[in-house]
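Structure below; questions to follow.
Order as written gives the chain letters A, B, C and D; numbering starts at 1 within each chain.
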Amino acid sequence: MNKVLTLITFLPMVGILLILLVPKNNKTLIRVLAATFTGLQVLIAVWIYINFDSGTTSMQFREQYKWIPSFNIEYFMGIDGLSVTMVLLTAFLSFICIFASWGINKGVKGYFAMFLLLDTGMMGVFCSLDFFLFYIFWEVMLLPMYFLIGIWGSPSRVEPDGKVRGGPYAAIKFFLYTLFGSVLMLIAMLVLYFNVDIDPNTPGIQHTFNMLHLMDQSLHTGVLNDFNVRLWVYAALFVGFAIKVPLFPFHTWLPDAHVEAPTAVSVILAGVLLKMGTYGMLRISFPMLPDAMKWEYFAYGLAILGVINIIYGAFCAMAQTDLKKLVAYSSISHMGIVLLGMSGLTSLGMNGAVMQMFNHGTGTAMLFLLVGVIYDRAHHRNIDGFGGLAVRMPIYTAAMSLAFFAGLGLPGLSSFMSEVFSFLGAFGSEMFNLKAITIISTIGIVLTAGYFLWTFQRMFLGELNPKYKDLPDINGRELFTIIPLGIIIIFLGIYPAPLLNLMKTSLNELVEVIKAADPILLGLQ
Amino acid sequence: MSLFDVIFYLFAAFTLASAALMVVSKNIVHSAVGLLFSFFGVAGIYVLLAADFLAVVQVLVYVGGILILLLFGVMLTQRITSVDMRTGTLQLVPAILAVAGIFVILFRVIRTTSWNIVPEAEAQFIPTAEKIGYLLMTDFLIPFEIVSVLLLAALIGAAFIARKGT
Amino acid sequence: MTVGLEHYLVLSAALFSLGLLAVITKKNAVTVLMGIELILNAANINFVAFARFIDTDLDGQIFAIFVIVTAAASAAVALAIVLNLYERLHSINLEEADSLAG
Amino acid sequence: MITNAILILLLPLLAFTIQIFIGKRLPRKGDWVSTGAMFLAFFLAVPILIQALSSYDPNFKITQSWEWINFGAVNVTFGIHIDNLTAIMLIVVTLISSLIHLYSIGYMHDDPRYNRYFAYLSIFSFSMLGLILVDGFFGIYIFWELVGLSSYLLIGFWFEKNSAANAAKKAFITNRIGDVAMFAGILIIFTTLGVFNFEEVFRGIADGQLSGGLLTAAGILIFMGAVGKSAQFPLHVWLPDAMEGPTPVSALIHAATMVAAGVYMVGRTFVIYTADALLVIAYIGTITAFMAATIALVQKDIKRVLAYSTVSQLGFMMVGLGTGGYTAGLFHLITHAFFKALLFLGSGSVIHAVHSQEMDDMGGLRKKMPITFWTFLIGTLAISGVPPFSGFWSKDAILASALEFGMVNPTHMVIFVVTLLAAGMTGFYMLRAVYLTFGGEPRDKKKFDHAHESPLVMTIPLCVLALFAVGTIWWGWLEHLLTKPELSSYASSGVQVLEAGGGHPDVAHTAHKIAMFSSIAIAGLGILLSTLVYHWKKISAEAWGRRLKPIYTLFWNKYYFDELYGATVIAGTLFISKISSLFDMKVIDGFVNAVARITTRFAFGNGRFDIKIIDGMVNLVARVIGFFGAQLRTIQTGRVQNYILMALAAVVILFIIQQF
């Protein structure tokens, strides 16, 4: 099983091939195939979880082959504590999303093929250790996402103010935003590539895309020894990843994309794609340019942007009347906590941040699934258009309240742990004084409670809206997608150790690496 | 000029003459006969080249097979009894010029190339049938099989194409 | 001078030229086919001659056999096409088969 | 004992799990599961108390902790910490909770979500017991939030009523504000000391690792948590609204236990408060006690009267703690738990009988509901501070502590004076409630006729609680067990500790005497006044109300706090949220769209240039090629033989060219 990463990454591709062979009218078989392959993926993920050695900082399940030798491009896969959590999350959410997509009836074949392609792209991003390979997977994701939002999202419509909105608009917006980020990332990648020398002893520069080499500061040559250049490279990478997170002010693609996308795609978008931004920072920006990360303006900038995300996102969420948009803005707010946790460069904060990535993945997935459930029944998402649903749909209400309370960080539910430790980590930072920033950001806790409870009240409490007196409660298939998430949320809220133990060794090492970054390069300090 | 050489020239002249007849003749049946003789001539040349098996194949396949096939073609497309068994030619002058040019070119190439001839091999006259059979079943097994399949496919294809009313 | 490789090659070249002439000038499709057979024969002579004079094993002859087989196959297909052509145009005059004209 | 403690903690959780999933299908909708679990927890708590009493040691302590979350560098443990305070609180909570479970069986018997109600009660009991048992700030914060959740669920239990849903939301969010401040305090403590565990934190503070302004700030921030939970000024607004919940819930959560959690927490972490922090606590308590008492004077809803009296009493407790009367404050917490639960259950019994909460609809119920009346009266006398009822002893201790504080620091004498006034008002408004409810003639005849004494399952808890309101714990004995913890006792040897407050034995005695007489006097005065107004009708309440119109209006409108918050905090938040959203849509997204539009414009401009010039050139080339193509077209005869000929000719020509 030393090819396990290749297997988990390309298994969906096999699924695509099979799906393409199925006649397009045999929708059930297509769905079952998709479910089977993502299910297999989950099994492999479980195998990885069992066999993962959490005691070591080195990359595991490595696979390394020459791919394009003339440019030193390798097919290099491997995971450590940081990526294994994301791999688990991706496998798990993809599987669930297949079931959430069961109701898709338009272009079933294309939908599931695209979905599986997306799956491969996501897995590849988290598994690849070659920057070039990483970049390719990063771009591979874009394409299916574009079609999934554009074709299977809501149809194009003209708003009362004459603006054209809808799936195609959101898809293009998403695509262009991300592409813009990718270009910056590409530039940074090339700068790194051309200024890293694998073998400093022989004359002539041996370039490489191997991330482990790129992380090795002693191999950096040429312009990479100029601190200003390093700052620029860091900035380019940062913007590239920030768009994906999304960080204020690059976030406006997110509400549109979330609202217009079909439920399962929203889940993947919020659950996995957003994590890629922060994953990229932790996997690429921080370890490759640790000294630039430590430059005051960047460190404080990251924390301040995190706080803006938290508070601004919460305020925006409060003003929404569209339930899905509210959840989208709450994602922005929650991702701010990840950034805040990272910015302190402490073991607590870093672990808290990655835990938050995982927990937000499960929590927001649950929220989007539940939004999809009500949308399927009522065909609208206007918060004020409901009312008193708790009487009519007790199970749905219970599920939604679990998701809401997880979102507002109730103790005993997973995101509480990650939020607390993110805040603790940022507040206790030894390198930067983030105390005031952290205290300000805690306002977000109140705001989050405010908008979630307000929404909950408007939708579920009070008199039952007579329009919905016959609304059926959540059904078995929908429960099947939600219950596993609920169990994870509760379990990790009470006992986060299984998740934490996976990643802490790698993340503590990362913190040490950044702390030890050569201060001489910090010419400006 | 040995006997061998004389025989060669005879065969060569016979072959070329028959071929010329085939080209020049306006009657398609005459052409076919010319081709027949030409094939025989080539078979003779093979014998001179110590390729006895090949000579036999040439006679059997070409004379016995392909030519018959061609004649069938003639019969099926033109009634033998019809007067119009003649066929015309077209673009004769440019064609002759171009072909002559080609011949000159080939001739020049042949003359100017220094051939790396193995000298002592000239005398050997060993029957080749057994060796060819052996080689076909060993070294050339795969080409042999492929060509068999090709032949089969060609025959099926031919039968399909020639079907009436397609 | 004794008959050597070059003689055979010249013979082959002449045969080739004649075949070519037939292919280019003949109106009748069957005659064109005959020309093609001539060309193939010319090529075969070359194979055998080279096998005799340059490379003394039997590879050339075996190649020649393959050429003959392929020729048989192509003749069969070509005749089928001719028959088909006849079906359509009620003639095998190649002047009339000019749907490729620009 | 640790096993007992764990079982106490887990039993309600188990009951909750059973109730929420299969409660509906159990016989009697599973009320016996929750109730039984609670009684079992009580019986498990008794041995703990017995052990604490039998050891009779102020430093009695059993702790145990387990690794929970290990970050490598930081290790967070989950631990159980039992000392005298815990043991007493365990008994108080489990006993009252058991009784209220029992009472609820009668009170809620025909509710459609009967099983859900018991599930919520169980989750509340679990959180409350956890809050008492845990050994560190992290744990207490978790259970702190969880009691907030259960409070939310129970206040909003009748969520079809908009007022209930609003009240629930208000309670949770107001609490959350306090919680966030508390969280900030925990942030300070943890990042400075690196531990959550109480004992270790105390040790670190005693060793001077955290001191001065930062420690004061941390203390005040932590106390803010208690301000939220214990409904202190300025976060008291949620508690009166919380009366929307079922009355037993009000008794359990919003009177006896949860709101007292703030006081408990301040007691538990008493040593971290600097003198300044304690002063803040004392003043907050004073303001709360006075303000709530004044509001309670004019309320007409019986539950609201009780709610404001609760707020006021919680203020008393804070005064006790803030002025250094550690034992007094906690003593009042314990006695208050019993008599306030009693009062609420009594009011519940009345509400159950007349189906109204307005005192205007009541009156004369004494004859119809004798048990309820007598127990309610006992509770009233206890809360008013009439000797020998339990409330007298504890309130007296608080006043003594306040007076002592004032005598030592004369500038802060105001605390004692105001608190004393509030104590007087307590007697007044509580007696008023009794007279309006039980005394006089029935004001609503129809409802009166309908009224009847409650069933046994409801009156038994009343009697048991009344027993506790009459009798009391011996003060000296409590003082011994709940000795005020001294920071110095946590210090490592050789570290000098600056004492925050301190005992002043010389004034203590005097203070106690004065306080006792003044408290009896003021309580008597309050009761007398109340009797004059509402029983003997010597003074007209309406007339005085008209005469003091502005003050009356102010009290009636609860000092306009709700309106103030509505106009500032809530409106401000909503305003900012609207602005943010608009900003997001118009400015940021507008910018993005503008960029897109400019790009497309540019592309159109480009397009025109393209069509005219670049395309023109391209077309020209195409046309030229087209011309030659047309000429060459004639070569395309379509005859294969022609093509071959041309190829041959080309070969020949090429060969010739190559030759020369």
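Annotations
Keep in mind that, in the parts below, a residue touches a chain if its C-beta (ideal position, glycine included) is under 8 Å from a C-beta of that chain, and two chains touch if they have at least 3 such contacts.
None of these values were measured; they are calculated from a predicted model.
In this view the innermost chain, defined by its CA centroid being closest to the centroid of all protein CA atoms, is A.
Across the two candidate interfaces, B-D and A-D, the one carrying more C-beta contacts is A-D. Our note on geometry: chain A versus chain C, Cα centroid distance of 68 Å, whole angstroms. Chain B and chain D have Cα centroids separated by 106 Å.
Centres computed as Cα averages put chain A at a distance of 34 Å from chain D.
Chain C and chain D have centres, each the mean of its CA atoms, that are 101 Å apart. Counting only residues that touch two or more partner chains, chain B has 90-91, 95, 98-99, 102. Annotation for chain D: residues 641, 645, 648 touch two or more other chains. Chains touching one another form the pairs A-D, B-C, B-D, C-D. Of all the residues in chain D, the ones that touch chain C in their complex are 633-641, 644-645, 648. Those residues of chain B that touch chain C in the complex are listed here as 2, 4-5, 8-9, 12, 15-16, 19-20, 22-23, 28, 31-32, 35, 38-39, 42, 45-46, 49-51, 53-54, 57-58, 61-62, 65-66, 69-70, 72-74, 76-78, 87-92, 95-96, 98-100, 102-103, 106-107, 110-111, 115-118, 121-122, 124, 128, 131-132, 135-136, 140, 143, 147, 150-151, 154-155, 157-162, 164, 166. Contact residues on chain C toward chain B in their complex (touch as defined above): 2-11, 13-22, 24-31, 33-35, 37-38, 41, 44-45, 48-49, 51-56, 58, 61-62, 64-66, 68-77, 79-84, 86-87, 92, 95.
The part of chain B that touches chain D in the complex is made up of residues 90-91, 94-95, 98-99, 101-102, 105.
On the chain D side of its complex with chain B, the touching residues are 641-642, 645, 648-649, 651-652, 655.
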